[in-house]
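Here chain A shows up in two complexes: once beside chain B, once beside chain C.
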Partner chain A sequence: MSTRLHSSGWRELNALRVFRQGLVVGYRDFRDFWSLKSWLFGWMLRISTNAFAWVLLGRVVGSEARLEYLLVGNAIATGPAAALWASNATTWARYDGTHPLLVIAPSSLIPAVMGRTSIWLFNGLTTSAATFALFTLAFDYRPAGGGALWVPFVVLLVCASTYFFALFMGALLSNRSRWRNMALDIAGTSLLAFSGVSVPVSFWPAWVQAVVAVLPVSHGLHAARILLEGGPWHEAWRSLALELLVGAGWLAVGLFTMDRLFNGGRADGTIELT
Partner chain B sequence: MLAIETHGLTRKYASRNGRADILALDGVSMSMEEGEVRGLLGPNGAGKTTLVKILSTVLLPSAGWARVLGHDVATETQAVRPLIGIVFGGDKGLYTRLTARQNLEYWAALYQVPAAQTRARVEQLLARTGLAERADHFVQTFSRGMKQRLHLARGLIGDARILYLDEPTLGMDPMAARDFRQIVRDLRREGRTILITTHDMAEAEALCDRVALIDHGKVLAVETPARLSEYVAKFERIDFDGGDLDLIERLEQQPGVSAVKKAAPGSGHRIELSSETAQQNVLSLLVARGVTSIRTSRPSLEEVYVHLIGDRGLTV
Partner chain C sequence: MASLKRIVSGAARAQLLITRHNIEDLRPIIGMPLVAVVALGVLVHSGKSELAPYALVAAVLMTIGQMGNFVASEIVFQDRNEQTLELLVASPAPYYFVLLARVLVLTSLGAVGALQAWLIARLCFWLSIPVHHPGLALVTLVAASVAASGTALLTTALFALGTQVRTFQNAINGPLYLLGGVLVPVAYLPAWLQPVSPFVFFYWAANLLRAAFLPGEPEHVARSLAAILLLGVATGLLGKLVLSRMLDHLRRDGGLGLT
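Coming up: the complex of A and B.
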């Protein structure tokens, strides 16, 4: 058809366009879940209350240092917890019946899926930022380190690496979508329990630490603590680099899995037309 | 060039519980000219949807091959996909939380319609499918017929040369179905090739140049609707009012009469023929016995379908 161009630059531009269109679908998904009022007084209240409980527990049973540990961990962790919802959103095309149409469209379905699901990444960023602001005011928290300005970047990195992990989970769940809620709960709870949010990673057995090291959150969280406490920059950068590496790894694994499983349905007949 | 060509097309599904594999398509060979409207008729599980899935690159064949406008559907998917559009029946396949316009803009991006042309293409399709006035309404507020027209617009967003319509008027009210069929006729006039799977005999008769009857994964016959009707000319029916018991007995003894049934209390009788030559003798006998209310009826595709496929029919 004369209207189609196939240069690589044009394809990249079109992928961005598909991503943007996917984002429109994701925004409508999000609005179906939350209005501004229900997001503030439903979602944020639930998330921040849960985190508050941990921080208050720290104040009751421990020192100021323990309070800060729990405050930083729980404020930042609300972001990844929200971003993990992208795993569920990855399966929604099956419910819409749009999955086969995406598979047979001339463009790759991956930008469309990423566009639709990335709204949960933005939700994670906003949730974490709002919780952090709330806690800072509520507990009169004053970071000691000058690296605090870098923390939004760390939050972005932690949420993004969790989002990429969620894409991988969503791809795995695309044919087993009835397990999606259970998988989300298990993954979310495990990340929060073992990644140094409320309990240091070093508390857990070595094999747990090894698993946590290749999962998102723990390295970024460690970097955030160092930056906020005014610790050595080189150690913070090392942890940030590890979080970046973990995120990039999960992005690669997620894209590969999506491509293989979504298109693999052509061979095993798991793509239904309706 | 043929629009669609298949040879020995076979698809097996692996059984999950240790039973034998399921043979969904069994060596289907068929061809369609460009611009043809072809119906695929068959009961549930006959293999219609499996065939459409393979032709639309959703599914790989286990054996045999299929080409769409000369491109192999298994190995040249990137060449095939811009050429085809697929339209479902039912509520699936649309983003109901988006507006009609947003749905079409979304698919325009996925079908690589240049951004500069998207607006005009979307407007044109909305107008063509009668949705222009509802373009900015959320799809979840649409009636069944409106959703189906939006499905069709979506299927055309990439200017597909070949359209697969899978049970397109399923669940539509008669008026909406009639309007939808008119749009399909217009598409045919533009030279698009259309493959329709349907249970609806009237739809196949109204739209199709030829009809393929499919069952147990095999194509039983590919004929024009009129030709298929000829297959059961020998099963033609004659309805009449009046007549006594003696006449009924005489009719039952006539060569080529397979049955004489009372249709319903007070509503006359139906004679079922089993021979093309029986009609004249039966009509002569009825007239000779003073019967004046006589009706012969043309066999519908449904009867052809039932005779060729058997009593599995439409309820399977």
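Coming up: the complex of A and C.
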């Protein structure tokens, strides 16, 4: 038994089990917020009507091309916007009083946190898919490109990289949880304002473009647009690779920040109930 | 009458003090005007800078709406949680008027969104958007704040009743903004949705505010203002009914008590 305990294979298996248990807690969190009925008629109604107004703005400016741009951007953006909720969920363990217990548990805290919060990543994916389906019917949208079949995977990637960014945000906010909702509002609106959802990234000043380039969403969204419009595959691959790189970067930064914070908390006594 | 004035002004002052120290209360005021950045971006990028007022109207009405639906609507729920409801109900001052004053303070703060959105247009997009009828804009903002207060009086009573209505809180704003033509005028909505719009105060407020940015003489001003106020008063009175029934219920069942 003791040899098994120290083997790395056992540790991986253990992390996976912890993640799975975390996911169960995450699912309970989710069900605290939404039942199927309230998700459909509360959450989806709000998200889709909001996005619908932005798409209609294309009609106001009198261009079908703009409408299509807004449709694709806003349908996909509902996903990362929902996935960003994970930053909020990261701070919940503080309120539940489970944070100190997780810190003293022999298993790493990270799979537990990721398990619990990743439910919002799946919510993002489902939200985006449902909004896309709704808009396809409402605006009779037909993508020109054969690459459209790959778009769900792109949306998954965009939601995942946003989720990794949310982990970093959540880690930063875990000792300042008073600000968590405000931070979520501002980060969500700004991320979607400048990432090519409603207006191309190139419209904004160079320094904004530089910031957007290292944030999630913009590269993946660009790839999705190319696939839907039937643009060159190599360009789509390039953008996808960049989104993957950005996502991996934020995962690394997020894990590092979490680790630092938890170890720092052990040292300075901030592992406490908030 | 003098005592009512004292109650209202005291409650309003108390709310300002609470809000000053509560980041959550200020969320819509800081966050919502960012909507103006996106809307102005779309309009300017499409070469439609002349439609920039649409973005300002959307930003300010959404800020007022969020202050009503997400901040003011929480008052009764919070009073219950913090057990100030018991003290307020036991005091001789009518709770409804205390609530009315507090709700009005919050929705009026939402009107600050107009200034922020205007500054965003000026500083981020170098757009100078002239307000051709500043008086109309001001009166409409006041009327919209009153109407948002009416809605909030109803929702704050409802939200305190149970968790199920939270779904309603989350759901309500998106459809109200869409139907009210806050960002996109109602004429662009599907025809079957348009008949519902006049029942939403945002519809009248958005039309008047957009008209305030046009050089021509605004039309149907009195009718629109009356409609906004009427919808506000109607929802406010309905809120009074729900609130008094809720308090009666709590008194009868022994649901009030300090622990």
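As a convention for this text, the second predicted complex is superposed on the first by the 268 of 274 C-alpha atoms of A that agree within 3 Å, B and C clash if a C-alpha of one lies under 4 Å from a C-alpha of the other, contacts with A are read in each partner's own complex, and residues count from 1 in each chain.
The criterion applied here is as follows: contacts are C-beta pairs under 8 Å (C-beta built on N, C-alpha and C of every residue); 3 or more make two chains touch, one makes a residue touch a chain.
As the structure is a computational prediction, the values presented were derived from the model and not from experiment.
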Going by the contact rule set out at the top, does A:83 touch chain B (first), chain C (second), both, or neither?
neither
So in the superposed three-chain picture, is A:102 touching just chain B, just chain C, both, or none of them (first/second/both/neither)?
first
Tell me which partner A:113 touches in the superposition: chain B (first), chain C (second), both or neither.
neither
For A:151 in the superposed arrangement: first (chain B), second (chain C), both or neither?
neither
Chain A touches which residues of chain C in the complex?
23-24, 26-27, 30-31, 34-35, 37-39, 41-43, 45-48, 51, 54, 164, 166-168, 170-175, 177-178, 182-185, 188-189
Complex contacts: residues of chain B adjacent to chain A:
11, 13-14, 49, 52-53, 56-60, 78, 81-82, 84, 86, 88-98, 102, 105-107, 109-115, 117, 154, 158-159, 166
Residues of chain A touching chain B in the complex
1, 3-5, 14, 17-18, 20-22, 24-25, 28-29, 31-32, 96-98, 100-107, 109, 112, 265-269, 271, 273-274
Complex contacts: residues of chain A adjacent to chain C
34, 37-38, 41-43, 45-50, 52-54, 56-57, 59-63, 66, 70, 178-179, 181-182, 185-186, 189-190, 192-193, 197-200, 203-204
